[in-house]
Amino acid sequence: MAPRSDNSKRLNELRMKHGRPPAGPNEPKAAKAEPTLREQQPRFRGLESGHRACQGCGEALAARLVMESAGPDVMVANATGCLEVFSTPWPQTAWRVPWIHSLFENASAVASGMEAAMKAKGKNTKVLSFGGDGATYDIGFQSLSGMLERHHNVLYVTYDNEAYMNTGIQRSSSTPHAASTTTSPVGAERMGKRHLKKDLLSIVAAHHIPYAASASVAYPADLQRKVRYAMGVEGPTFLVIHSPCPLGWRHDSALTVEIARRAVECGLFPLVELERGALTNIMPIRDPRPVAEYLKLQGRFAHLFKKNDYRAAEELDHLQALADHNIAIYGLRGEGTDPVDTTGVAQVRRGGPLAGRN
Amino acid sequence: MGEMTRGQYADAGTSLDFKTGNWRSTQRPVHVHAKAPCHTACPAGEDQQAWFALLQEQKVEEAWKSLVSANPMPGVTGRVCPHPCETACNRVHVDGALAIHNVERWLGDEAVRLGWDYPVAAPAKDAKTVAIVGAGPAGISAAYHCVRLGLKAEIFEALSEAGGLLRSAIPPTRLPRGPLDAELGRILDLPGITLNLRQRLGRDVTVESLKAQYAAVLLAPGCEKAKPWSVQGAVPADLHEGLELLRDFMDHGALPDAAKGDVIVHGGGNTAMDICRIMKRAGAKSVTLITASGLPGPDTAPDDLINVVPRELEEALEEGIEVIDHATVSRLIMKGSKVTGVEIIALKKEPGKDGRKRRVEFEGTERVVSVDMVVPCVGEQVDPEGYEGLLDGAYFWPDNAGGRVAERVYALGDARGSRGTVAAAIGDGRLAAEAAAAELRGEDDPSADDRSTIGIDALNTAYYAGASRTLVAKLPVSERTFEAEIEGSISRTEALAEAQRCLSCGNCLACDNCWTMCPDNAVIKTAELAMDGSHYVFDYDYCKGCGLCTHECPTGYIQSVPETN
Amino acid sequence: MREALEGSQAIARAISLCKPDVVAAYPITPQTHIVENLSKLVADGNLHTEFVSVESEFSAASVVLGAAAAGARAYTASASQGILLMSEVMYNISGMRIPLVMTIANRAVGAPLNIWNDQSDTMAVRDAGWIQLHCISNQEAVDTTIQAFRLAQETELPVAVNMDGFVLTHTMEVIDVPAQAEVDKYLPPFEFSRKLDPANPVSMGTLVDPNWFSEVRHSHHAAMVKALPKIEEIDKAFAKVFGRASGGLLTVEGDKKAKVAILAMGSVVGTMMAGQDEFKDEVGSARIVKLRAFRPFPAKALRDALKGVEKLVVIDRAISPGLGGVLGTEVSAVLSTMDNGPKVYNYALGLGGRDIQASMYKDLLKAIENPKAPRFAIFDADLKKLPPEDR
């Protein structure tokens, strides 16, 4: 192994040769102007402004939160999808970390390679892998499983907006039962998606990995705690983040967090943590609310609120039963007032969120 | 145009070149410091939200200073005010209104105990002097605010003590004399305030003489004269009017003999309530209040509600006072010139043809009760002596906020027909002082604060910790006397805990929600640059106008307004 | 040091000498022995590399993509169906200009299932934008593999080294295995100018709109064209250190003045040379053009090599059904700009592992003596085996 300075010199020669000017830790940088207010923000801006996500994008919010907690010593392999497209239209990128997009279905494998490279080079940079639910639950499922089985030190984050949004709202295996999408439309014979949402978290946890958890953009402090925890784990970790999509779910862009909060509070999106396959933590629901309060804000479930349609009532009851089932199997019903239940963890006071303080 | 990079790589953070701000089509978020409902409701003009915010940061003395910038008598109002702030409090819709008056009282008492300095400077030697008639709450407040505005104040009080109705009409069970004397004394001791006792307008001074001698004249004589009362022309020979009875009792500690029997009090204000309770405590067989207003209830319209301090009503009922609401005395049954019974009839305020409410008596609901004494307590009016030409009927009716009734002459407090609480008198003191100061500077009247008020719908209550209202101890009925204060005080811990319950309606909590939840990183955290009291600025270069921050702002401080671009 | 080694074993040794940081591979016949040998080298502590045992060829290609992007020297190997499964990733690797090396143990592509050798697999990804080199012997495969790592990093293009399955991979030969010190001298440590690095973060794999896509494609094409002299240069540099070259872009063997020529890639070139030795008295000598670089395609070198040739047999180990041989079609296209270029006879043979004997040399030359000889045929197909309607 050549000494570091030699490598650095060589790298710069290469850069010059390949049309890339020298930069990096060992090179003198151009004199910097006074830092802007933006540059002085007391957080790591891993996903910068100027990205082209829709107004109120839950995925953009989730990714921003993840990057703040994970960065800056990370590198990201990002599957094809909204996040990839809206963040990196050449010549611009919103990322402030090394980031690569290859294909729809191979983010886990690319991340595996990056992690192997870090291992080979003796570096500690943590590798993250990002994908939507299509890339994770469906097309990239195999490569995800392979990565988990091989025990790569990678944090995989799936931004679950419950359909193929990048291609225009087609159903995925993560689309909830009865939701209407362009490939599970409502009609005389159908009430939206016929099948159930895939329980990916359980499948992932069954790989016996050190840590797998669900989080929601409605609970940023909880989400970021989970990211920080996963970052500290050596080995594969997995986070599924419920990320409402105003366009695909058909709701007002201002309601992204409100809807995410209701999804958790009704039990349809349980926030749980599993270690080595075993349930180790849950976010209790202080006051479970009816699923209807979550569903009625979204156009994709509008058909469930049609008057005088027995199918609507039946599907609504079905979704309520699914929520009740989640509450039962994970024991989500809180007992009294818990500072980390759905109500407690959201609370703020003058000067910041209550959660995250001791 | 740049050059295509090999492998189409892009350099970190270059998306900043793409200004997504021009995506905003319909709305943009702005910081709007709207009024908290407590502030809007407060007749004294206090911004309770502002001083609770300081308490939330444990800044107790600063909180008091913020409070007394509007109301120099928190120790008084914390005891006697019907606290419309608590009725208006948005927390009513969550888990009960804040105990604002308890905390206010505690702050007032702390200031006395610890000797905190009022946030005013001594007026300049050559400062103009304003004459103030009356050393009741309105006059004292006016004097204080004059000093605060750099003027001197000279008060003319007819009686031998300052305090006005605080002393003459409010029993010590509600307002003990210790705290009252301490607070008034501290204000009157401020440099720039002179108090002239036993100087009655009309006898010792006149409006004209004051006007000639002083830069401005503020008239705060209060209402000393009972309103004439009779039923169809009948007046009992031994009639005792409520306020008079109350003053006599507080001066001499005695009540007429008839007060030992069955007593009817006719009226519906705090004086009526006080006299009911005193008579009951003094041994009346029964005391019944007959009021045209309604008792508090889920269906009671605000303008129908009996105008008393809610806890006073509650305590009166505890003590066995009976209340017949929506009723009036329709006939006196006399034996000679002595009353032996009253006929009572049901009535209600109903809107008439012109939409204005008027009293409608319901024929067929008459009933007769035998009584030993009837005490009318239907209100007081200004003693007109010395105010000829300024009064409009029984009161002053200025048509401006400051209370100007003539050039450099202002009327304030109960003497204004539309007032009726200590807090309103204190508020008038400030408004009149401000208006007078403006007039003396040759300026227009101070403009009113026409900001909108934040309602519960503008808040996002998901972010507030549930916490029930601090319960305050009260003397049990059996231990209540004519002297001992009935409502207890709260501790520092309780006060600070109660402050944490404040929802901070319409003002920035610095909770980071907008900063944390903006998907576009378009909220920038800064204490330095935000001139509007917030801790954040919007980066409109990137804000797409999604409205998320507006929805997730707990306090309604962020509002979405139509995009003007 | 000269050792008798199986082809796959020799490749594993060559890889080992190049010190890859990351190796990812999924087993497939006839590549299997390469992966097994590498695994054994790792297990025995003779090769220090992150060996990633992936769950598919798709992931194998993706892992090396990620590894190389992160600044690691990366290597993979596959064949046949595996190459087709990788194809999406292969386009991606070259499109992002990521340098890495792959061995393709050439094999037929099903259906029908067939594990034996032809070059259908590599031809299926001819447009994937990789440098594709073909070897006629295991010695050449070893030498070309070492050259490929240097070529990849100097051009920032991925390189596929083709060697015929079984014919080479499973054949014992005496190999001159280069010494580690000499390889270290020849092959500089791996560095990638655009590598993923937190100290200097870039985003790779961006979205490019139509305003720029033509330029992207042009730049890729230009890079491939510029790689032509690089391939020769790096081969020459190899010869300087190790005393033998691997044939640059192409070489002309046999009778360099002959008016008849045979052009081929891979082990069949050796067969033709043996056939010439044996049958030149009977059918005469031919120029034998050993084409080493298939991508980038050495058009000019080929035209120079074929000057004066009247008849050219192009041996194809893969066909494009409905057109003809892949290599033959491309050679014809290239020769179309040549004045007095040869008449091209494009014969596919040895598909799916059918044995090619040295006598094929004689058969081919005899066949083109016939003025009615077809310009394309699957030469060794026995149509009698087919029902009449399928002939």
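In order of appearance the chains are A, B and C, and numbering begins at 1 in each one.
Going forward, a residue touches a chain if its C-beta (ideal position, glycine included) is under 8 Å from a C-beta of that chain, and two chains touch if they have at least 3 such contacts.
All figures in this text were calculated on a predicted structure; none of them were measured in a lab.
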The chain whose mean C-alpha position lies nearest the overall protein Cα centroid is chain A
The pair out of B-C and A-B sharing more C-beta contacts is A-B
Whole-Å distance, C-alpha centre of subunit A to that of subunit C, is 42
For the pair subunit B and subunit C, the C-alpha centroid-to-centroid distance in angstrom is 91
In whole angstrom, the CA-centroid distance of subunit A from subunit B equals 51
Touching two or more other chains in subunit C are residues 96, 156, 194, 201-206, 208, 212
Residue ranges of subunit A touching at least 2 other chains are 18, 20, 87-88, 90-91, 93, 95-97
Where subunit B touches two or more other chains simultaneously, the residues are 6, 8, 10-12
Counting only contacts in the complex, subunit A reaches subunit C at residues 1-2, 7, 10-11, 14-15, 17-18, 20, 23-25, 72-75, 77-78, 84-85, 87-91, 93, 95-103, 105-106, 108-121, 125, 142-143, 145-146, 149-150
Subunit A residues touching subunit B in their complex are 18-20, 37-38, 41-42, 45, 47-53, 55-58, 60-61, 64-65, 87-88, 90-97, 217, 220, 246, 252-258, 261, 337, 343-344, 346-354
Within their complex, subunit C touches subunit A through residues 21-22, 24, 49-50, 52-56, 58-60, 62-72, 74, 88-89, 92, 96, 156, 188-189, 191-209, 212
The residues of subunit B that touch subunit C in their complex are 4, 6-12
Per the touch rule, the subunit C residues reaching subunit B in their complex are 95-98, 156, 194, 201-206, 208, 212, 215-216, 219
